[in-house]
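Note that the chains are named A, B, C and D in the order they appear, and that numbering of residues resets to 1 at the start of each chain.
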Amino acid sequence: MTNLFSIEYITIFTSFALLVLGLWGIISQKNIFKIIISFSIVNTSIHLLLVSLAYIRNRTAPIIDSAVDRVNAAEKVVDPVPHALVLTAIVIGIGITALMLSYAFTMYKQHKTLDINQYKSLKW
Amino acid sequence: MELVKKIGFVLLGLFIILNWGLIMSGIIRKIIARLGMRRGIKVFQPYINLIKNYSIRSQISHGVMFYLGPVFRLSGGIGIFLFMPLIHGSELWSNFSFTGDLILIAYFAFFGMLGMALGAGEGGHPYSAIGISRGLAQFTAIELPLTLAIISIAIQYNTLSISEIVAAQQGGIQNWTLVTNPFATVAAMISFLGAMGHSPFSVVMAPQEIPIGPPTEYHGTFLGILQTNRAILHVIEAVLYMNLFFGGATNWGILILKSFLVYFWSVFVGMVFPRFRVDQSIPWLLKLPVLIGIIAIALLII
Amino acid sequence: MLRNSLRVIIIAALGWILFQVYSGYSSRDELNELAGYYATEGLSEVGAANLVTSVVVTYRGLDTLGEVTILFLTALIIGLMLKAEHRGDRTRLRESSEFLVTASHVLLPVIFMVGVYIFINGHLTPGGGFQGGAILASTLILMLLSFTNSKISHKVLEITESVSGISFIVLGILGVILAGGFLDNKILPLGEFGKLFSAGAIPVIYSFIGLKVGAELSTIILEFNQIQGTDDKSL
Amino acid sequence: MVSPIYIIAILLGMAFMLGLLSKSGTRIAGILTSVSLALPVYISISWFIQILSGNADAITIFTAGSVPPFSINLVMGLEEAFFTSAINILGLLGFIYLSADLKKQGVRAMALYLVLIMGLNVVVMTRDIFNLFVFMEIVTIAVAGLIYLKNDNQSKEAGFKYLVAVGIISLFFLIGIGFFYFYGGTLNIDGFIAANSVVVKGATIAIFFIIISIILELKPFPANGWALDVYQAATPGVSALISSGTATASIFVLYKLLPLGSEIWLQILTVVGAVTFLGSNFLGISQKNTNRLLGYSSIGQVGLLMMVIGFMPQLGSAFKMIFFSVFISHFLAKAGLFWLSGIVKKESITDWGILRGSNIALFLFGIFLFALVGFPPFPSFYGKWQMVMELAGTGRFIWIVIILLGSFFEGLYLFRWLGYAIKGEKSNEEKLQIPWDKIVPPFIFGISLFIAAYYANSMSVYGNTINLIPLVFILLLFVIDFLPAYIKNTITIGAMVYYAVNLYPSISDDTLRVVFAAIFLIGGILTMIAGYSVKGKRKGFFPFAVMMYFGLIGLIEAENLFQFFFAWELMTLGSYILIIRGKFSMKHAFNYMLFSLGGAYLIFLGIAMSSFGNTSLDIGIIGLSTMPGWSYTLLAIGFLTKTAALGLHIWLPGAHAEAESDVSPMVSGILLKGGVFGLIVLFLAMGGEQAASHPLLYSLGWLGAITALGGNLLAVFQEDAKRLLAYSSVANLGYILFALAFMTNIGWLSALTYSINHFLFKTLLFLAIGGVVLRVKTHNMYEMGGLIKQMPWSFIAVLIGIITLAGIPPLSGYAGKWLFYNAVITKGWYFQGVLVFFAGTIAFLYCFKLIYSVFLGQPKDRFRKVKEAPIWYLIPQFILIIGIMIFSARPDLVLKPIGALLTQSSYFPSDSLSWENVTASTNLGYWSGYKIMLVIGVMFAVLLVWLMYMSRKTQKVKQFNIVYAGERPFTPETTHFSHNMFSHYYKALGFLSAPLATRFWNITNDITHRIADGSKRLYTGNGQTYLAVIMAYIIIIYLIMF
């Protein structure tokens, strides 16, 4: 159980906590911008999760330099794959967030409100 | 040669029945008048009417169907006669009953009715149509007890052939359907009341107060034909009931007697009871008489 | 009230599920086979010192293409959406402070150079096309902040974006034709490990990515910037 | 062959390139885009063809010069080739369709479009899970952009909801991927499967997040509010892409990823699919908004596909065929419908009457709907059949019920919609604008449906037993629809004669079949003759008439249950269109379709139950059913919907009465016999005489009797001539049902006699009355009167008809009655028999009303100049009269062979009718049609001659010359005693005619709609609620799983 206070456990727990927090924001906030921010929080929490999953204790970044030599790189570095994934995921997150924001903007232009409860012209 | 002989006897039988029918209706009307404290017509008055009507030469017609109506009607009447065996045990007096059985007669009765209805319909008189609509409506209810009775006796005798039904009733009154199957007889006799068109089921024609019913527009020869038919039909219907329920006839005398009594039953009831409206008669007929009919069948299948 | 309690239940249940996941987790202390391959064979195969880069640009090059495409799409759509909005009069914005303007003059080229450095050296050091591109785009932000009323041409950005995008694909196709497959970096010699001109086509690709990302992010920022002032101030 | 990687390169390269074009270059951009969309079509189709024909193997495309799991790889196999082909074709056509809108938005929108198609291609081909994620995101974003194309309030709202919902879903996907990699050590799907990593502890949760996200992407009910909004708000062209394109890709992804999970996912998927299919279609029934309705349907179909995938192990080798059939129908039809919706531009389905402005659009609309509902010969028919049969093979009847119920709901709203399109109100000012670029895509998809149908047919197990030539003939009739009616009529009649001649030798040894074939084909030819009176082109009539007749004949020719059901559905479809052609038929045709669909699905279920435990599908297996009670009852009720037994009859009067004059006899005199034939098939399979004491038969007997009574009673109170005849048909079918239920030799004989008679007289009556209606332009009998003078021939026809109907000797109706009595007494069903007899006497009332009100009584002024019915109506009538006369005089000609057949067959060996020359006898009674006819004929002639002699001086008088208390009647209208003629009867027995069945169905209908409408409110429109529902959905599935 001492493990639990090791960094990867803490970050994973934090990421889940952030995730729950973000989801709560998404379904409880009325302001569209706040929803988008909550969405970003969720996004970030998952990035954190991915990086945490890559972590291996006592190892370093997967870059061959003075700290890591070529020969036994496999014993020295953390997993590079989730890092690559996170890179991609971040960009995707940016894209989606940007799109949401511009949607929110055009919606606001029409209705002059950001209350999500006001956008119910489509139903049933 | 066989056929010619057959046709000869058929025509003879028809002649007898027609005459008996005319006389019987004279007698009945006389009886009714006397019961009503009236003097009444002559017994031969129907003959006189018939001859008079056939002699009228100024006639009008509303069209082809109007013209054909009476032909249908009389064909219907004579047709029933033709398919009816008259005297038990006599090949010659069995008419053309070999071509069909009880069902044929039951259905052929409609033939005349239909033609008559159509002929009267073309007359264009609303009362004709009213009469027909009443008649047809009431008729549906009248037929129901009869059907139950017919099925009952068909079960009882396991045949639909009239001759065989008559044959089964020979040998004394205890073999009559009246005794062996009283419920069927009662049901049938109630429906007979309706079939004869006497009170309480006489609203179809309502002869006394208003001219209503199919013959409203008919006169002259047409009316004569209808009267001829009426005479034949009354007797032959009575003969049918006689055959089915009262042991049939082994000679003409019994036939005349029994048919008179059967027919008189309807007159008797008619004298005693007032008239139903159609919407009253139908529910009435569909209650007790049908129940009796059902009992008649139920008793046989249990 | 009911709605709120339902929400609480949903979130609690999700939290519970995640807790199950968490309690099932135990850290590892070995690279798995795949990562091990990258850390050993991958080094010689791709020749990039930054393992993440080798994964991002080469092994998972298709993802990166998709990623670039996403930014492209986003820029495109935001352009479409906001096009209608920045018609009409714009209120003139307040001039920025002298301080900021002066600092920008100094900083802009530096930041720009840093950005370029980062994506060119993406195969050697932490960083790469995306990071570099983002820094490039940040120069735009600074420009917009300091030179509030300057007009910045979309055209340059669009051309940069298109050309680098097409080049990316052409490099990918060259991989099919000249080397082992789409986006194979071995179309250029691998060079000496750890040097700038090494790792085959990676620096080239990453440069294009950097330019493209920079252009795309800039476009997005520009689009958002252009709607500024078209609306009441309550936004 | 070109490597599939170029699909990506071309599409993406072109998308980037478009950025270089100036804004004025939309024209060039359009051409470039089309070309770059066309190339992937070529690439994917060539792969598909090559792989399918075995010339090429599936290839794996490696990237980065490395092999998986180290690098991303794409696969182009048969499935991928198929799905990418579908997507690329859709992409190309969708672009043509959308090009006008896209051009308006400029070059960027085209780039967006290209990226979307590219994304879909990669989603299908990739074997790397993270790559899949990336490209799914591309698709999501591109779709979000396309939704915005419409640029109105609704689309913005929908786009936002979409974005947030899919964003959340994909985040769960990403969590899944993280753990997938963590536990599986790979991102490659095949690698994961090969390593069997699912057993690793913790991997299940990864798979859970991954698969649940894909399921959520497929919009499962009820976590799909966002999707419905999108369907409703987006431009129809975009909705088409979403419905057919992205859903296609997602479903394939699901298919691809399922092997990751354990078996339990299949079950979950089945449940999810079932709930979605049923729920979505159920809510659809109260939906009026066109695009939203299509959304419901779209989601429903995807639910069905999920079920198909979920049942993969059970479906075994049939899986491919089933999936293909269901998928391709959905794919083509849904895209086509959305496209059409974009042409029509009507928000509410009630305004779709405008579609009639274009024949081609209406035609396409029709086939898309039929394909969706699953009518033959469209692919989904084969698919559903095969699926149900496979499920039945393993005894999964509940699932079959769900599938059929869902299909029923779907049929319900689709046919309501079709009704509005064919018959809905339409203002004259509005014209349907059909630019070529909008109609070409749906047209190509429409044609593709037929091609797909051909393949589905050839893939299907029993497909080769279907005779496709008549179907081709029907298609041909569509093609030559521009010709004048009389030419098409001649061709049709020629074809039917040809068919009849060719058919006869193959069935001549089975008299039963010959009788029904004669009713169908001769009846068909006769009724078609009446069609010569129609001027003009009579568009869309002939193909469906032929379809109906072909369906009917198919019933007779059917050797296995598949053929039988195929024919049954064809018949239903053809007759539906024929019925809806009537002026006021919308509602009635809809009712007809409802009952027919319901009935058909019951039959389907019955067949499925019968097939359980049997290896073949021969018709005889019904009798071998291991659940005889269920299969018999279901089949019987199914057939009874067609024969309109009381309770299931409410569609009939309207449908028959409001149909066109020459259609009424087709559907009443002829079509109903299809149901009778079905019953015959069922009863024979039950084993004939041996099953005579089966309780089902006993109840059917009562039902028949009550139907006969109810039908006749209702007929009496009608004022509409055709409605009267229609109710009479209900009653007559009741007689037939009753007689069939005897299951005795003589009972069947009487049923068949009834069937023949009913065909003869009802066709005759409907033709005659149809001819009259054609002239007087009203159905109300009380408005007619005295028409005998103008229409003597029609009068004679009606007279003969009603004499036969009433069963009055000497005409053939009596034969039926006589046999019937014998049968009743032999069987011992006295009380039912009495009921039927009572019904028979009631028939007189309406017979009289019919002939009197129309032809006799007082002629009306406005009809003094009407002409006799068209000669083309009279010809078939008199042919029928000759038929009646022959049958009346020599019933032995027909009854002897039938009797012989029944007696010789193993079914009814005992109690037969015996013949002595022309006299028939049973052990009860006897009857000689020929002699009776002779006697009556001679007597009638003699009396007629006599009367003519006696009344030779008769003079004709005018209409009002009647005994009227010395008065002259005012007007014919007041003197014609017809309206409410049997009011006294109503007073006495009217309570029996209370519309209980109608009320029952109305209430059922009402409740169903209310529930649907109420449950629909689940979709509050609040995007946040939708998100909460999505999360709740995840939780629920989690709880089910763990």
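Here is the rule we go by: contacts are C-beta pairs under 8 Å (C-beta built on N, C-alpha and C of every residue); 3 or more make two chains touch, one makes a residue touch a chain.
In this text, all values refer to a predicted model and were calculated from it rather than measured experimentally.
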Most distant chain from subunit B, judged by the mean position of its C-alpha atoms: C
In terms of C-beta pairs in contact, which of A-D and C-D ranks higher? C-D
Can you compute the centre-to-centre distance for subunit A and subunit D, using the mean CA position of each chain? Integer Å is fine. 51
I'd like to verify one number: the distance from the centre of subunit B to the centre of subunit C, where each centre is the average of its C-alpha atoms, in whole angstrom. 107
From the mean C-alpha coordinate of subunit C to that of subunit D, what's the distance rounded to whole Å? 55
Averaged-CA centre spacing for the pair subunit C and subunit A, given as whole angstrom: 16
Going through subunit A residue by residue, note those that touch at least 2 other chains and give them in order. 19, 23, 27, 81, 88, 92, 95-96, 99, 103, 106
Which subunit D residues sit where two or more other chains touch them? 130, 134, 137, 141, 144-145, 148, 179, 182, 187, 1028, 1031
Tell me, which residues of subunit C touch at least two other chains? 7, 10-11, 14, 21, 25, 28, 32, 34, 38, 60, 63, 66-67, 70, 73-74, 77, 81
How do the chains pair up in terms of touching? List each pair. A-C, A-D, B-D, C-D
Can you tell me which positions in subunit D touch subunit A when the two form their complex? 130, 134, 137, 140-141, 144-145, 148, 153-154, 156-161, 163-164, 167-168, 171, 174-175, 177-179, 181-182, 187, 228-229, 232-233, 287, 1016-1017, 1019-1024, 1027-1028, 1031
For the complex, give me every residue of subunit B touching subunit D. 54, 57-65, 67-68, 70-72, 74-75, 78-79, 82-83, 96, 98-104, 107-108, 110-111, 113-114, 117-118, 121-126, 129-130, 132-134, 136-137, 139-141, 143-144, 147-148, 151, 154-155, 158-161, 211, 216-217, 220-222, 224-225, 277-280, 282-283, 286, 293-294, 297, 301
Complex contacts: residues of subunit A adjacent to subunit C: 3, 6, 8-9, 12-13, 16, 19-20, 23-24, 27-28, 55-57, 61-65, 70, 73-74, 77, 79-81, 83-84, 87-88, 90-92, 94-96, 98-99, 101-103, 105-106, 108-109
For subunit D, which residues count as touching subunit B in their complex? 786, 788-789, 792, 795, 799, 802-803, 806-809, 814, 817-818, 821-822, 824-825, 828, 830-831, 833-834, 837-838, 841-842, 844-845, 847-849, 851-852, 856-858, 919, 923-928, 931-932, 935-936, 939-940, 943-944, 947, 950-951, 953-957, 959-964, 975-978, 981-982, 984-985, 987-989
Tell me, which parts of subunit A touch subunit D in their complex? 19, 23, 26-27, 30, 32, 35, 39, 42-43, 46, 49-50, 53, 81-82, 85, 88-89, 92, 95-96, 99-100, 103-104, 106-107, 110-111, 116-117, 119-124
